[in-house]
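Across the two complexes that follow, subunit A remains constant while its partner is subunit B and subsequently subunit C.
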Partner chain A sequence: MGVNYEIRKNTYYDSVTLMLISKDISKIEGVNDAIVGMGTDLNKELAERIKMSNDEIKAIAANDFFISADLSDDSVWESVIGKLNELLNKKASENSMDYKPKSINSALTYQSDSNIAIISVPGEYAAAEARKALDEGLHVMLFSDNVSIKDEKDLKELAYEKGLLMMGPDCGTAIINNVPLAFANVVNKGDIGIVAASGTGTQEVSVIIDKLGKGVSQVIGTGGRDLKEEIGGISMMQGLDALIKDDATSVIVLISKPPALDISKKILEIASKSPKPVVVDFIGGDYDMIKSYGVYPSVTLEDAARKAVALSKGEKPVDFIGFSKSESEIESMVQNEVDRFDSKQKYIRGLYTGGTLTDEAMKMLGSDFGCIYSNIPLDPKCKLGDSSKSIKYTCIDLGDDEFTQGRPHPMIDPSTRAERLILEAEDETVAIILMDFVLGYGSNEDPVGEMIESIQFAKDNAKKRGQYLCVVGSICGTDKDPQNLIESQMKLEENDVIVMPSNAQAVRFVKKTIEKIG
Partner chain B sequence: MRIIVASDDFDQVFQSDYFIGRVHSVFNNVMNLKINDEMLTIGNVHTSIGPKTALVNENINFSDLKIQQNMVVKKRNNEILIEELDIKFLYQPREIWNSSPELDYIKVSTDELHYKLNNLERIIFANGDPDSISPIVFDLRSDFKWLADIETYPTEFTDKHMNFIVGRIKNLLNAVEKDLWGDVDDLAKSVIGFGPGLTPASDDFVLGLMTGLLYSGRNYMRDVELYQHFVKLINGRTTDVSYEGLVNASRGKVNQVIKEAALSILSNCSTEVMTDKVDKLIKIGQTSGTDILTGIFIGIKLNVHKGEF
Partner chain C sequence: MSKINELFKKEISVVNVGLESFYNELKSQDVKAIHVDWRPPAFGNKKMSSLLSRLKSK
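What follows is the complex of A and B.
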């Protein structure tokens, strides 16, 4: 194959364009090597050294542009020239779709009107990258974890000084101007704004709002540590303030694990002065204390969503502690399950991918069963000594750090949970497996389908020893999500999984069933 | 459009009775003119002032003005005119920028300089563009004792490209370190013009190297003489735009952003100020900022090593 080349005499392109051409041409299939640049003596010498020169290239001058390529097939040259012309004819700002900048600075060179940066780099570099973004006047969604408390505090203070939002670290979910960021569902646009220190909790609330026919204006994540005393709830207060000022928001929902008491008071103080109604779900928080600030406390994530929807419709919100189905239907379903267990079976095993959903499950199951063992227990004395081995009533957050070191989050790769399910099902004392299935952007393309085989396997194994294994789940997803919600639900039901409309209802159903076993 | 800032050497050309030249090259933020064998630049509000440069007060995109290479440019009264398009730049600078090097700064203590250089190394490591020549230069730490304590990071150059340049840079630094100026002439020629950019990466590195050596050294006149001799030898070996920058840098004349970055490292100002100034430099072009900063860093390290700081 001869040298394929193109020379453009006395032609100048800026460095950014030349670098982009150099990189994109090398990526074209069939291009073994390419040299792009100005005809300086050194570039010509390099071309010769790597056998990509000829007499014409040797004759060009330093102010001539040239490209020379080693191709596996000469027919590829047409694509090379096509790409070259396409890149040269594009304005820099139009190149951003093809260009994957390596730094925030490069990104801003291409898209100078950006106003938010999503950062997902190893924790040790995350704070520096976030600082750069804030210094450039960008709001930040910091997906990375393993950022020190001090760095988090510094970043949030810097953001506050600059009037910017610092979402995270460890912020996995946000919806800004109707664009889902990271792990988020496709939900209707509406007038309910959410500020949350929780990922799956936020997804659950936004999904239920959507299912109830309303939508969200903005979903602002804060990161899980924002309401700790060391951070002081800076992001939640900023988010709350932003939603109070946002014309498109008429109802506000706050979601978090119970904050430090002082922080809780500070947040509620601001919420109490909001001209817009505020629903608060401090999962397991003090209901009466929250209510005393004139805001609307909720008992579950579903309840928070239902109250927000009621307020958005101008209706009076009431606590939702029941089921979407009638009491009699639920009683019949419970009895049907109870009748299928043998006398050894009495325990629950919650296998969750979402941390907040795990928390909610443990909170709802309460202390009636003694300890709810977990890797993230509500009560330290209920911590599992070995998270790989469940005891009695156990709820595991498989998305917690100890399960995700060196492997993807179970919302992305369900294999950890699939293996765990089979293990749990080998325990003859287990009656019910409780699970969440989270759809939306960021999640596995078929989180339900990926689990079906192990659900069947677990149920079959139980059957072989004469037992029945009950699997109860809820799907956190909308009919607009990239995964197919209806198909997902059908797959589960076809495989004898009881699918409830929310995590709260799934847990309530499981609790009723276990209570009935006695 | 009105020119509101001009460098002293741009002003000198404009103040001559008459000039006529041609458009050399046009980019989004700047337009280069070739007038009486000198390269002059007119930039928009996104451009920082530098030698032979004037800035207009508007956020115009020169590429959008349909200005073409080789169009005739004239001076008429107090305007610079592109007659063919009837585009006029009214020359009314409110400020004439001094392009001379600033060498009367108060030097930072050696201890403080070491601290700042460590910070600078970290900034290049964290924020530098991996497509730049910087990782190749930093990888020479095993060849030079005075680079032994620095960290390096992966390069984006292919092995073929890297093998082509790495030995040449090593030889250049070796010659500069040992004052082998006879060799420097040949070595510089073997380094200039490497890289895809309009100002090739190796040129930017050498520009930074000269700046670092000149600003941190003790013998400005001797250095300028050497560098001016050196740039004469590289005429025609690189692009006009890059050559012009090297000619200016050989006399210590560099863009304000480069000047401020160098002074922030060498003078008695805080690390925070240095970080800010250096950050502005790193943002120049695609890899140019990183390459220039690497050159400055190496130049200063060399002078410290040679006891010439």
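What follows is the complex of A and C.
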């Protein structure tokens, strides 16, 4: 019994591959814990912290692969290595016929018409690769996070000088010329252009535009820090300018968390001069201030999509603050849920994979219930002391850094959320679980299917103690996404999950239900 | 016409550096893409890497 390890020098695998392998290895009977990774400082520290390191592991470099496992029986080691080799061989056989150059430079020799680089290397190396791409005249989507704000500013200034797009760092979503890049949905082609500093917020808006029968021209991501004072909104201004000049775009949508005030004014100033209508969702931003610039402020992501669609059809946009179903249908659905709770049940637990969707939920729930506790609260006094333990009304962003250190994002690997759901459902004061299900490229191949077992388990557990657990969700996906939207919705409904057409409607429904419980 | 607006009129041709899954997804959509077999510079040795980049910038 004890820690077994193996080191393979000069053998490199990307982080998602490694984390998915780690997940499969951990499932082997007799493996208490396992770490599979490259010898980066972060991984070596992690191995040390969980007591799975030794002097050999401490001495390896970022280009060396290692596996270390805590086993209940040493004889399991053979199956661990067997499984590891099987997974790595499978990986090696993928695209084995494709030419894979060693650098951006040599890639350009082979594919000379390249026009955009998607960069997702570890943060410490990301700025250097992005700089190389810009120097070669490529537009850049920088998916990597952990890039310094100084590097971000330098890269964006360089891109601006060269007239190139610099999307990111930490840009997860873009659709350029109708090609979804990284985490994005398959959306109809249309005349609505989006510039956004938010990943899932952008996915939600583009998906709803598609569901309403319209489509997008371009979706330009900026990365979450673009509208901070230090960066000054360089990418959003560039994107906005490009959409104003783009013949295929007739309506523009801007999405961000509330920007720094000066930056907000700068962006709105440009938007106010746009010959095309501009819809703005600065989630939680000042509605009247935005409106004073002659643009269209929106109350939710869905509202932004609806307003853009109305403008694209030449109709007058109006605030959408209700439901797709009739008021009476919703009232009876709410009553039906309320009747099934017992007197102890009053709280909600939002378990989100999307940060912007979490923000939107907290903003919409408002202050009527006191604090909405979170790991990313709107008000610092509502921050959870320990993010692994919810209190009263809580909304968690499970995609936040503290949950993704050494683990895949919950949109790729739903297991963290599945475990959390079961934990929340053990709390007898919980009435409603609120969830998002994000489909599209980049996401897990069956985000709903992977959660069903724990939804059933949580509901059964509540039932055993004489309670009813309500689960409300919304699916951010189109019928063209690689996952099956209709099947996903059916699976949820068959398991007694209330599926609403948008995150905003899901939150609104939950709020009504909680208010009715009193 | 700006380079960004020019891009909007062209076929996308991607250089993917990092996660291979992004490359696989682009290929599954028949998008022109090439994957760079990226590794940390200087065999992952930070000190060597910093020396090399200083030499290169001279």
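The rule is short, and it goes like this: the second predicted complex is superposed on the first by the 421 of 518 C-alpha atoms of A that agree within 3 Å, B and C clash if a C-alpha of one lies under 4 Å from a C-alpha of the other, contacts with A are read in each partner's own complex, and residues count from 1 in each chain.
Assume contacts are C-beta pairs under 8 Å (C-beta built on N, C-alpha and C of every residue); 3 or more make two chains touch, one makes a residue touch a chain.
What you see is a predicted model; the values in this text were computed from it and never measured.
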| item | value |
| --- | --- |
| Contacts of A:Leu88 with subunit B and subunit C, given as first, second, both or neither | neither |
| Subunit B versus subunit C as contact partner of A:Ile517, first or second or both or neither | neither |
| Subunit B versus subunit C as contact partner of A:Gly442, first or second or both or neither | second |
| Touched partner set for A:Ile176, first subunit B, second subunit C, both or neither | second |
| Partner chain(s) touched by A:Leu18 [first = subunit B, second = subunit C, both, neither] | first |
| Touching partner for A:Asn115 - first (subunit B), second (subunit C), both, neither | second |
| Partner chain(s) touched by A:Arg49 [first = subunit B, second = subunit C, both, neither] | first |
| Subunit A: partner with more touched residues, subunit B or subunit C | C |
| Touched partner set for A:Met38, first subunit B, second subunit C, both or neither | both |
| Touching both subunit C and subunit B, counted on subunit A across the two superposed complexes | 10, 12, 14-16, 38, 40, 61-63, 102-103, 125, 128 |
| Parts of subunit C lying in touch with subunit A, wherever the complex brings them together | 1-5, 7-8, 10-29, 31-32, 34-41, 43-46, 53 |
| Interfacial residue positions of subunit B with respect to subunit A in the complex | 24-28, 63, 69, 126-127, 129-131, 158, 160-161, 164, 189-200, 202, 236-241, 243, 279, 282-283, 285-288 |
| Residue numbers on subunit A that touch subunit B, as the complex places them | 10-16, 18-19, 21-22, 33, 35-38, 40-43, 45-46, 49-50, 61-63, 91-92, 102-103, 105-106, 109, 125, 128, 132, 135 |
| Subunit C partner contacts - residues on subunit A that touch it in the complex | 10, 12, 14-17, 38-40, 61-64, 94-95, 98-104, 107-108, 110-111, 113-122, 125, 128-129, 133, 137-139, 143-144, 162-165, 176-177, 179-182, 217-218, 238-239, 241-242, 245-246, 248, 441-442, 482 |
